[in-house]
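The chains carry the letters A, B, C, D, E, F, G, H, I and J, assigned in the order they are written, with residues numbered from 1 in each.
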Amino acid sequence: MLFHVRMRVNIPHDLDADVVAKLKSAERERAQQLQRDGTWRHLWRIVGQYANISVFDVASADQLHEILAGLPLFPYLDIAVTPLTRHPSAISDET
Amino acid sequence: MLFHVRMRVNIPHDLDADVVAKLKSAERERAQQLQRDGTWRHLWRIVGQYANISVFDVASADQLHEILAGLPLFPYLDIAVTPLTRHPSAISDET
Amino acid sequence: MLFHVRMRVNIPHDLDADVVAKLKSAERERAQQLQRDGTWRHLWRIVGQYANISVFDVASADQLHEILAGLPLFPYLDIAVTPLTRHPSAISDET
Amino acid sequence: MLFHVRMRVNIPHDLDADVVAKLKSAERERAQQLQRDGTWRHLWRIVGQYANISVFDVASADQLHEILAGLPLFPYLDIAVTPLTRHPSAISDET
Amino acid sequence: MLFHVRMRVNIPHDLDADVVAKLKSAERERAQQLQRDGTWRHLWRIVGQYANISVFDVASADQLHEILAGLPLFPYLDIAVTPLTRHPSAISDET
Amino acid sequence: MLFHVRMRVNIPHDLDADVVAKLKSAERERAQQLQRDGTWRHLWRIVGQYANISVFDVASADQLHEILAGLPLFPYLDIAVTPLTRHPSAISDET
Amino acid sequence: MLFHVRMRVNIPHDLDADVVAKLKSAERERAQQLQRDGTWRHLWRIVGQYANISVFDVASADQLHEILAGLPLFPYLDIAVTPLTRHPSAISDET
Amino acid sequence: MLFHVRMRVNIPHDLDADVVAKLKSAERERAQQLQRDGTWRHLWRIVGQYANISVFDVASADQLHEILAGLPLFPYLDIAVTPLTRHPSAISDET
Amino acid sequence: MLFHVRMRVNIPHDLDADVVAKLKSAERERAQQLQRDGTWRHLWRIVGQYANISVFDVASADQLHEILAGLPLFPYLDIAVTPLTRHPSAISDET
Amino acid sequence: MLFHVRMRVNIPHDLDADVVAKLKSAERERAQQLQRDGTWRHLWRIVGQYANISVFDVASADQLHEILAGLPLFPYLDIAVTPLTRHPSAISDET
């Protein structure tokens, strides 16, 4: 099941630099693991913004929440989720 | 070059039914041709809406406009374009 | 899987009255069938508006779209879908 | 009488961690008590957000305010209340 | 129980003038009857707009919806309902 | 002359607790004095929010500003003012 | 008493051209009379829009509504009213 | 003096096709004349929209309004004007 | 040339009180000097807000920016500029 | 390929003054270098705001992101990117 997810990162400017560095490194590691698992299907950066547009392939909405709420940067993410379905004119079965 | 495109279809309710049917059929044909060409890379329907989220792979912004403005339903589409770039944590070179 | 759905009905004022009556009657029948099936779990009217707030229990986002797009009034509905998950403080397993 | 309530939690990032932990624990206890009382009828988490959608069953708007304003996290909640009523196509008397 | 109600009137400009006149006359009669009953407690016009701000005193949210949905101009009203409660600094028991 | 005023209270969470307590106490005293004077005609709390909806009866817009700007909590209030007038269907002369 | 008024003109494109011409001519005449009376103190066009920004000097909010609701183009005006008061740094007594 | 102008074209779908064709042709001719005069300094289409972003070089705001209000498509244009000035880091004197 | 300017003052609550007092005093002095020069043509306070609506009479947009950016409170001002022109129904040449 | 970019600068008021001065100086140097390279084609200040409107000429969206994300002030910039294309009525080939 595919979900379109838009994440905007809002890290407070007075957060400790070491804490931020660790969070970002952990976030990166987790994002890559989820991509290798096939769960985080697409991950693009929005030009000019500290934000991304992603597509997740999960078994349920519950699993999606578990993944998103478990991201190291979650407390600083502004997230919008849009459920997707197969488009009648799509030629592949990607969804 | 990848562009994220959100299209919402707003066909006036008093448009002639035959005209609408022809437009939709032409739109479908064009959408499938562009998918086969590899230009219309992703095409998903938003759940509960007469709208889609797409990703186009084009040589330039000019080409993207030419494609979008040439869609049979273009006069009735509300379109938002977001340029994408490679995310530093992405593991594939899809972008 | 639970989805929160807000539907606002916007029937054009110049639509034929008989057409509208038939659409509403068909919508009502379909809504009640889906409630009996356990799919349309909750259905409330918003006070002062021709709009409802609903909760659907479906096997997938695909199924939800099929149901919503198949509603007789669908062309006149402005729909917003929000995926839900179990709240950590919830005492029942409703989700 | 049913009210639809959307709560978004905005805890300032520089609030003392112990204070936050105590507030969350007290909030959880209070939420569960209100659910056992039948007042907090539904409680769902919104996927990807530190927010919930709830339905309260109260004797009056006054009682609803007393409950909401008394929540331990109230100072950090952004709350929107929507009064509900029975939908003419609903098959149960839940409202 | 008090509810704050904001109504904006949007009558389509191509509606038959006689129909409009009858609707307005019926609306006025109904509004005055509800005021005499003590249900429509306050009714003010917003300066410069075809809109009003009202306060209703009803036994329940259900009753409020019944009243609003029964207004002759209801199909052309854009309505926003806000539940009110006693303010801790209020000196009267009006609510 | 009647004005509809919506006030939302936004007290910074790191303001000194004693200062806040004194401001709230002074605000309450001032609000009650203005109610006794007949100037602050209505004062309701919005359910679920640290906000109120009020109606002021003043001799002029200048007087209204003097009153609002003189409220102890004014620096932390987000205020929206809407001028009211008699509604043609109103049965009392309250305005 | 001064009020800042923003008016945007939205004349439906299918309104009869003669009707429109008469409405505009009557509007112009009325606007000039109110300016000569000193009531419509300032009248500016917003660059690039069929809209104006005005300042009215009236005895009361009631009088302002009577004037605005009596404008020939009133049914097609989208009006926003903002009450003004003397600025503490103003050197004239214009308000 | 430079002004940034965003124009969105909203031609009603039931406008006569011949009228539309003539308006568009006249608009094009006028746009090119103003570009040759050096007044309409930049003219770009927004990708995916029937809208443009322009920069005008005029002697005054009055002149800008005269030009915009005189465009053949003006009644169907939604226009937003932003005054520009020289940026302190700009290396040319274009403004 | 006239420009309509709306300024909202947002002074951070933790700014030093002496600094604020000096800024406000300098702002007042500057505002009065510009009024005496005939540049700051109108200056009104918005009722209930720490905000003003002003009209400036300047030789160019460049001059307007220089004036606004030079205001002592500029770093804390949220400013919106709207260019004005003579209204065809205006009876004076004020613009 | 041309992109329209709007940047709004939001420097936190409690950032160290020396840090801010260095950032601004580096930003200025970088902006001028990119202008000399022909990449940052236009750079205008918005009147009354700490914001600019720019047009970039780049080989790809990737290059644009690299440039924007590399700006010294990037962490404090609120950026909106709009892809542009040649307007059919444009007389130059600037795009």
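The rule is simple: a residue touches a chain if its C-beta (ideal position, glycine included) is under 8 Å from a C-beta of that chain, and two chains touch if they have at least 3 such contacts.
Small disclaimer: the values here were computed from a predicted structure and weren't measured.
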Looking at the contacts, which chains touch chain A and chain F alike?
D
Any chains in contact with both chain B and chain G?
H
Does the chain I and chain J pair touch with the same residues on each side or with different residues, judged by whether over half of the numbers are shared?
different
Chain centres from averaged Cα atoms put chain A and chain D apart, in whole Å, by 27
Whole-angstrom distance, CA centroid of chain B to CA centroid of chain F, is 50
Distance between the CA centroids of chain G and chain I (whole Å) is 23
Would you give the residues of chain B that are in contact with at least 2 other chains, written as numbers and ranges?
2-3, 14, 45, 47, 61, 64-65, 81-86, 95
Every chain pair in contact, whichever chains are involved
A-B, A-C, A-D, A-J, B-C, B-H, B-J, C-D, C-E, D-E, D-F, E-F, E-G, F-G, F-I, G-H, G-I, H-I, H-J, I-J
How about chain A: which of its residues touch chain C in the complex?
1-3, 60-62, 64-66, 81-86, 95
Using the touch definition up top, name the residues of chain E that touch chain G in the complex.
13-14, 45, 47-50
Residues of chain G that touch chain I when the two form their complex:
2, 4, 27-28, 31-32, 35-36, 42-47, 52-53, 55, 82-92, 94-95
Complex interface listing, chain H residues touching chain G:
3, 5, 12, 14-15, 61, 64-65, 68-69, 75-76, 79-81
